[in-house]
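Here it is, the structure in full.
Note that the chains take the letters A, B, C, D, E, F, G and H in the order they are written out, and that residue 1 is the start of every chain.
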Amino acid sequence: MSTKNDLLNILYDIKNGKTTPEEAVERLTYKDLGFARVDTSRSFRHRVGEVIYGESKTGEQIAKIAKTLLSNGEDSVLITRMDSDKADYVASQVEIEYDNISRAAIAGRAPQPKGKSDVLVCCAGTSDLYCAQEAMMTLKAFGCRAKLLCDVGVAGIHRLLDHADEISKARVIIAVAGMEGALASVLGGLAGCPVIAVPTSVGYGASFEGVAALLSMLNSCSGNVSVVNIDNGFGAAYIANMINNQE
Amino acid sequence: MSTKNDLLNILYDIKNGKTTPEEAVERLTYKDLGFARVDTSRSFRHRVGEVIYGESKTGEQIAKIAKTLLSNGEDSVLITRMDSDKADYVASQVEIEYDNISRAAIAGRAPQPKGKSDVLVCCAGTSDLYCAQEAMMTLKAFGCRAKLLCDVGVAGIHRLLDHADEISKARVIIAVAGMEGALASVLGGLAGCPVIAVPTSVGYGASFEGVAALLSMLNSCSGNVSVVNIDNGFGAAYIANMINNQE
Amino acid sequence: MSTKNDLLNILYDIKNGKTTPEEAVERLTYKDLGFARVDTSRSFRHRVGEVIYGESKTGEQIAKIAKTLLSNGEDSVLITRMDSDKADYVASQVEIEYDNISRAAIAGRAPQPKGKSDVLVCCAGTSDLYCAQEAMMTLKAFGCRAKLLCDVGVAGIHRLLDHADEISKARVIIAVAGMEGALASVLGGLAGCPVIAVPTSVGYGASFEGVAALLSMLNSCSGNVSVVNIDNGFGAAYIANMINNQE
Amino acid sequence: MSTKNDLLNILYDIKNGKTTPEEAVERLTYKDLGFARVDTSRSFRHRVGEVIYGESKTGEQIAKIAKTLLSNGEDSVLITRMDSDKADYVASQVEIEYDNISRAAIAGRAPQPKGKSDVLVCCAGTSDLYCAQEAMMTLKAFGCRAKLLCDVGVAGIHRLLDHADEISKARVIIAVAGMEGALASVLGGLAGCPVIAVPTSVGYGASFEGVAALLSMLNSCSGNVSVVNIDNGFGAAYIANMINNQE
Amino acid sequence: MSTKNDLLNILYDIKNGKTTPEEAVERLTYKDLGFARVDTSRSFRHRVGEVIYGESKTGEQIAKIAKTLLSNGEDSVLITRMDSDKADYVASQVEIEYDNISRAAIAGRAPQPKGKSDVLVCCAGTSDLYCAQEAMMTLKAFGCRAKLLCDVGVAGIHRLLDHADEISKARVIIAVAGMEGALASVLGGLAGCPVIAVPTSVGYGASFEGVAALLSMLNSCSGNVSVVNIDNGFGAAYIANMINNQE
Amino acid sequence: MSTKNDLLNILYDIKNGKTTPEEAVERLTYKDLGFARVDTSRSFRHRVGEVIYGESKTGEQIAKIAKTLLSNGEDSVLITRMDSDKADYVASQVEIEYDNISRAAIAGRAPQPKGKSDVLVCCAGTSDLYCAQEAMMTLKAFGCRAKLLCDVGVAGIHRLLDHADEISKARVIIAVAGMEGALASVLGGLAGCPVIAVPTSVGYGASFEGVAALLSMLNSCSGNVSVVNIDNGFGAAYIANMINNQE
Amino acid sequence: MSTKNDLLNILYDIKNGKTTPEEAVERLTYKDLGFARVDTSRSFRHRVGEVIYGESKTGEQIAKIAKTLLSNGEDSVLITRMDSDKADYVASQVEIEYDNISRAAIAGRAPQPKGKSDVLVCCAGTSDLYCAQEAMMTLKAFGCRAKLLCDVGVAGIHRLLDHADEISKARVIIAVAGMEGALASVLGGLAGCPVIAVPTSVGYGASFEGVAALLSMLNSCSGNVSVVNIDNGFGAAYIANMINNQE
Amino acid sequence: MSTKNDLLNILYDIKNGKTTPEEAVERLTYKDLGFARVDTSRSFRHRVGEVIYGESKTGEQIAKIAKTLLSNGEDSVLITRMDSDKADYVASQVEIEYDNISRAAIAGRAPQPKGKSDVLVCCAGTSDLYCAQEAMMTLKAFGCRAKLLCDVGVAGIHRLLDHADEISKARVIIAVAGMEGALASVLGGLAGCPVIAVPTSVGYGASFEGVAALLSMLNSCSGNVSVVNIDNGFGAAYIANMINNQE
């Protein structure tokens, strides 16, 4: 739920006695489940509903929050970082689409993809796929068109230059890379749009679980690169969707 | 110079014998000054021309590059991190507008501000102004509408909440903050658009010259925050301009 | 045991021959169990008895120290960081109340809660509960009034502002937050009392297991924030109790 | 200005036409000087007025903010980290008491010291005095009783134990130390009150400008130690004053 | 084996045909086992034989090296960091005394303790015992007198001051502590002999697995403190033995 | 496959209709397997074929890539960081030689060793063998002569000086060492050829999993030392082979 | 001086009484100047003579060492990191060629450039020139052919791809880059020879004076990249010369 | 002053009325100068008197403390880290011997050198001399025999091996080295006595002002190496003197 129309509907429901002001205030602010205050008004502010970060929650908590959101106006709910055993439990409570590479899921009905063009998700290596897939699932949950280019790291730059045309035409690009993270800078130079860089924790030794890629991306000599946290495919897609949907 | 029209004009000039292909290829790729290869084609790819990073260049080098760009089709050239003594020299060679808080300058004629709405530049404290001003000068050089909110840090959050309306309506926000950098997260929660966070090197002790703010921003619990390098007001504005101009 | 009266009683016991000076000196200094020197005099100096850090001790050691303290004048003993399997063993030796979210326990009878007002324990997210609960259990063990506000992180600041009144009236506040830890600064600005900030290890990537939150809190632009170690809910409560009990 | 009475006076002034609501709202929120929004309402929330951090401000800016605060109800204003040349300028605009060891100043009339007992400021070495003095000046500006113990580092622990009695009776202690910062832990063990530890940047090599002392204090084995930023004598005194004044 | 006499015996054996020069050269330099070059001449240079670091070796490799050393003149061989399962295998091949707190073992006959006085091993907390025991086992393997003081951390400094006399009379002291590692500085001040400080990895959060204690000890304000690697009880004892045996 | 001849053969195959241009272009650029773009042209650029990094790939993926490379002109394929269970699966699909110390494997027929002299691989301790073996397997896979010197760390420098002659005659040396990594500098001083240093993650405490050795090697006072990532025996051998094969 | 012939000449000089064994031993080992032991035998081991690191030496010391080397058989001596004021003094004592961008100098006669091909020194930006020039001066001092490509960073990758042919034919490449250091990886992919990467301290904020580039290069996804210390243009050239001269 | 005799003399002076108990208690504990508590009893505990760390003290303070110590029984006083301008002032107040390489001075009469053998101070390079000299001055001030070996770094190991005999016979060695600090490990292997390692801040780039050498030394594979703070030549000598003087 994300439009003024939806808000209007709630207010009319109060007027018409279909809902009480007490119920509506929860719907328009947050709902206190004891262990969590579910932000039911996020979609008014961010145009997309609250997202469930599954890492440190039990399957029971995840299912309960998802149901609360679905029964308070959201058509779909994104769940990230949910291990497969938790996913099994959640699936027994509410319908979900689960992606085991990214460990992300969509509860409810994912909206039809829209947007002026595809968000281009570029992934440096096979090892980084888990993170690129988190971005792809997020974009899907938000109803945003997207395309994935896999294994286009700079060590064999001809694999990337093959897509120079798509890159130069994109409205927003997500660059996913671990190790030295050089992909972000090269993409930044080839593209004429914002590049959101996601360092991954892929690598060993002096990669320090993504720090090398993170620093590399923060120091990009291309001016159009901004950065999110290590492995944060979700955040990159969150922003890319906002940019792609702007009118 | 940034449109297909400009490109077409060059190609017609070749056809009509006004310019040689040899001259045009430099104009369409880069010009080698010996100490630098000036990227004269940046505006075709990024819609804005090459920018001169003044920190590690002499006044002579800066002036020479600026002239090369201005005489190769750019109407204005942004120069960043240029100390006032270098600025004095450059001003003797080419007309510039110099801002001594940010140490940024615009050579040539700055374009008329345009864009669907103002880029909102929020600055946590008086000490962070140098960085917010770099963003403001960059936006000016690129012809992008912008508004500055100064001294709206979270320690006295009523100063920020006074602008909640502007914040919720913005298309893109730049958050400039040092110390603990909490401004980015609070803005992220209040806004429904991308927030580009710029950590500053303001602080002492365990701020580690901006690292505390940088980490804080990278770990923002608000999904719409992406980050650029410490003190990189220029980069944030570069991206904000791209987002604000998208159709 | 924490008053001069208790001390007087011991000294009278010596005078009256109920205890020997040798026994009393152990009671007034420490008791050597071989693997540990149990500080039986802590309550004279700190007003609360010695606390058992369970992490690196066996269930047998924990039980033995707890019994020593209970039989040397303490009414209750706090045990922190004790896994449930150790707790099972300890429970077979001495009566305990165990909280499995914080892994803390109280052996013996917890005192009646007192204090001029509630210590306010503010917890940023559901994931940080383990740490906030350690603070709550500590305050309970020390007989200190306390109230927990859960899931009041700054990404949805309306959830926090709902409690602005309680916050402005508090005598001491504990702020528990991971990720970017911005909660401490926002609370610091809203409150007129000391805020003891506890960074948690909640987060991923560049949170570096709590370092981002720790640095954020150390650099708070609010002057009334002091900080304890990452995940140290116990320490924060230890200090909050001292402040809340001052006359 | 810090009492309900002061607030009542302002409101009566409105009622009696001595001030306009427009003037009063600035007095009760903040005053926008362009380069800064002066928080004129801090004293209602924190019981002490806004403090001026002099490091990154010009003498002109400092003087202007100080005057604004003094003419809006504050009797005295604390200025920290102000170099002597700036102090000379400020002194030409408003009466100040300047301490050149800590580079702190008090503008206006410092209030009479009060409080139930002295805040005990313990300073490890002669080199750490600049920081301990910042705490002393802050306490003076806030009208709080205080006593300084200098050069009581743990390398010659008999110098500290000489004061064991004062330490055990204190209501709140500030521990200022650089190098290995062990003073905080030893004080924590001897005292029965909160110890606010201030790591200083004193040391060389692996002290990393205060990091060694900071980590040492954060890991104190004494439960009653909390920590503020490196060299932040001001913050420690800010909190100590709050604790010492509680009823 | 460690005296000139032993060397003389070998040379006489060559002269008398009891051993060949080829055999002797291995005995006097090293023996190549393929996976290791066993330093059979260490005892001539360091007065104690080679020590086996068990961490990254298999039980088979450990047993083989131990046998090689025992059959080449060593009476006893120290093995450190050997898990109990490896110890079980080694015990099936050669007689060992195993200590499961430190995971250290002595193969062969430990020599009679000697030395002018006891090496004093001071251990801050029960949690640090594993490391203090590694030092005790090392001293035992080298035939050096030693005494362990356990749980004498600075949070309850009266427990340490009880031993002030022993401390001031010692020839060499080993200080084992985790967390903030303040024990080393306090001991340094009380003692008139070298203090070898061993930081342990005990602690959590900002202890960074021993880094806080390590930095603390390196920055000790007591001049007589030197430091070895985190958890390196062996190294401290190695040096303490050398100092205690000097004539 | 690595010569112009091979390229010529492919082009003739097109001319003679044995292969289509479409098939050839894949052979001369890369082959898209969906989860990976296999770089079939690496051997034209680097003279050695693409290598499979096994760490983050499934056994199925590894086998599929290996087969693709073998069926596209490579005689052998190196696989690194492949656990034994994955190796079991791969061995069921394609013939491999597996080394369980380094976890490296060679699929297909390893070429005959050649080169002007042996690459000298010097390994500081038994614990570092896993890394030195990765270098040895890499050199074998590339058909490069090599010799391993094991357990020649600087603590017993006579073990290293025994090989001074070989060292001074080498064309290129690989120095593998953990802990303090001093071996690289000592070798650098003794040798007259490039020394490629590989820090290993062997050590504990302040070795920080190889960082101490890495920094030590980067700061070598010997001018002929360059460094690769921690544990990167493969990379060192990759470069050593290039140097050893130069004409 | 670097050949067996030179050594033979010295030995004949002894035989023929032209030099004493005492003089020759200094010539063949080192010469003790009191403040330094000049390594006069380096050229026998490394084929190039000892180099003078000027940073921490006085002009007097530099001149004295240079003369000692020149009078002991070296034709030329490289001096690095020598400020211009020291250079002025040295130039008054011995003939030098000084480069003020790199602060390097060559004393004596630089040898004729030789080598099978040019060492390719690729420099990312104008700001990195000081470091690339140090490499160029070193190669000149050692008589090695070299070519510099300036301002070929990856933000405008067409500037680099223009030289793809030269890159693919090189025998050894030096990649000099600051900021994110991506140049090394891209070059590694394009080239078929060893790439020696030199991170520079160019950048700001999270570049941490070269650490970002250093980590980036150590984690290069191209197998043929090895790394030297930050700003160590000298070391890279030292190794490149060794590789280029191998037969 | 360091013997029981001295103590006896003081006590007799009280008995005989030559001094009052009040005067004696200061002599036997410390003297409070306001800005410092001078530890006049250090020599009873450590056998050497208090040392003045000059870095953060004024010339006036240094002179005053030196005089206090000299007039309270010390024959000589060591002053470290005193810049030449402070030294000029101090020299005007009390006789000193000043060494401008180490910036150390001895006030009063340095005692006659004694000890069973020379402390061997090994210095890696000319650049490290400032630190080695601090150790030499300290040993001189304490009356300890010492010998300096300069420029014996491992890059030319023949310069070190020339002194193998002295090294193997030493009772205690100080190893001073910057950059990679390998000297400590090599010395540790050659010597049969404790090696006290002093990392220096000499180096650039990834030496991180001595951190590389510090980590290298802490991870030494030689068991007999302990470490003091970066550039702490004083501390190393303090300990070496204690070891060398033991009976």
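Here are a few things to note about the model shown:
Following the convention adopted for this analysis, contacts are C-beta pairs under 8 Å (C-beta built on N, C-alpha and C of every residue); 3 or more make two chains touch, one makes a residue touch a chain.
In this text the structure is predicted, and so the values were computed from the model without any measurement.
Here the chain-to-chain distance from chain A to chain D, counted in touching steps, is 2. Chains that count as touching both chain B and chain D, per the definition above, are C.
Taking C-D and D-E together, the chain pair joined by more C-beta contacts is D-E. Interface note: chain F and chain G, two copies of one sequence, contact each other through mostly matching residue numbers (shared numbers exceed half of all numbers used).
Taking the mean Cα position of each chain as its centre, H sits at the greatest distance from chain A. Chain centres computed from CA atoms place E at the largest separation from chain B. Inter-chain centre distance (chain C to chain E, centres taken as mean C-alpha positions): 38 Å. Averaging Cα coordinates per chain places chain B and chain H 54 Å apart.
Distance from the chain E centre to the chain H centre is 27 Å, each centre being the mean of its Cα atoms.
The distance from the centre of chain E to the centre of chain G, with each centre set as the mean of the Cα atoms, comes to 44 Å. Counting partner chains per residue, chain A shows two or more touched chains at residues 155-156, 189-190, 205-207, 211, 214, 218-219, 229.
Inter-chain contacts, as defined above, occur between A-B, A-C, A-F, A-G, B-C, B-D, B-G, C-D, C-E, D-E, D-H, E-F, E-H, F-G, F-H, G-H. Interface residues of chain H facing chain E in the complex, by the touch rule stated above, are 45-47, 51, 168, 171, 189-194, 196, 214, 218-219, 223-229, 234-236, 238-239, 242-243, 246.
The touching residues of chain E, when paired with chain C in their complex, are 126-127, 129, 150-152, 155-156, 158-159, 202, 204-207. The part of chain G that touches chain H in the complex is made up of residues 29-30, 34-37, 39, 41-42, 53, 55-57, 61, 199, 201, 209-211, 214, 229-232. Those residues of chain D lying in contact with chain E across their complex are 124-125, 153-157, 179-182, 184-186, 188-190, 203, 205-208, 211-213, 215-222.
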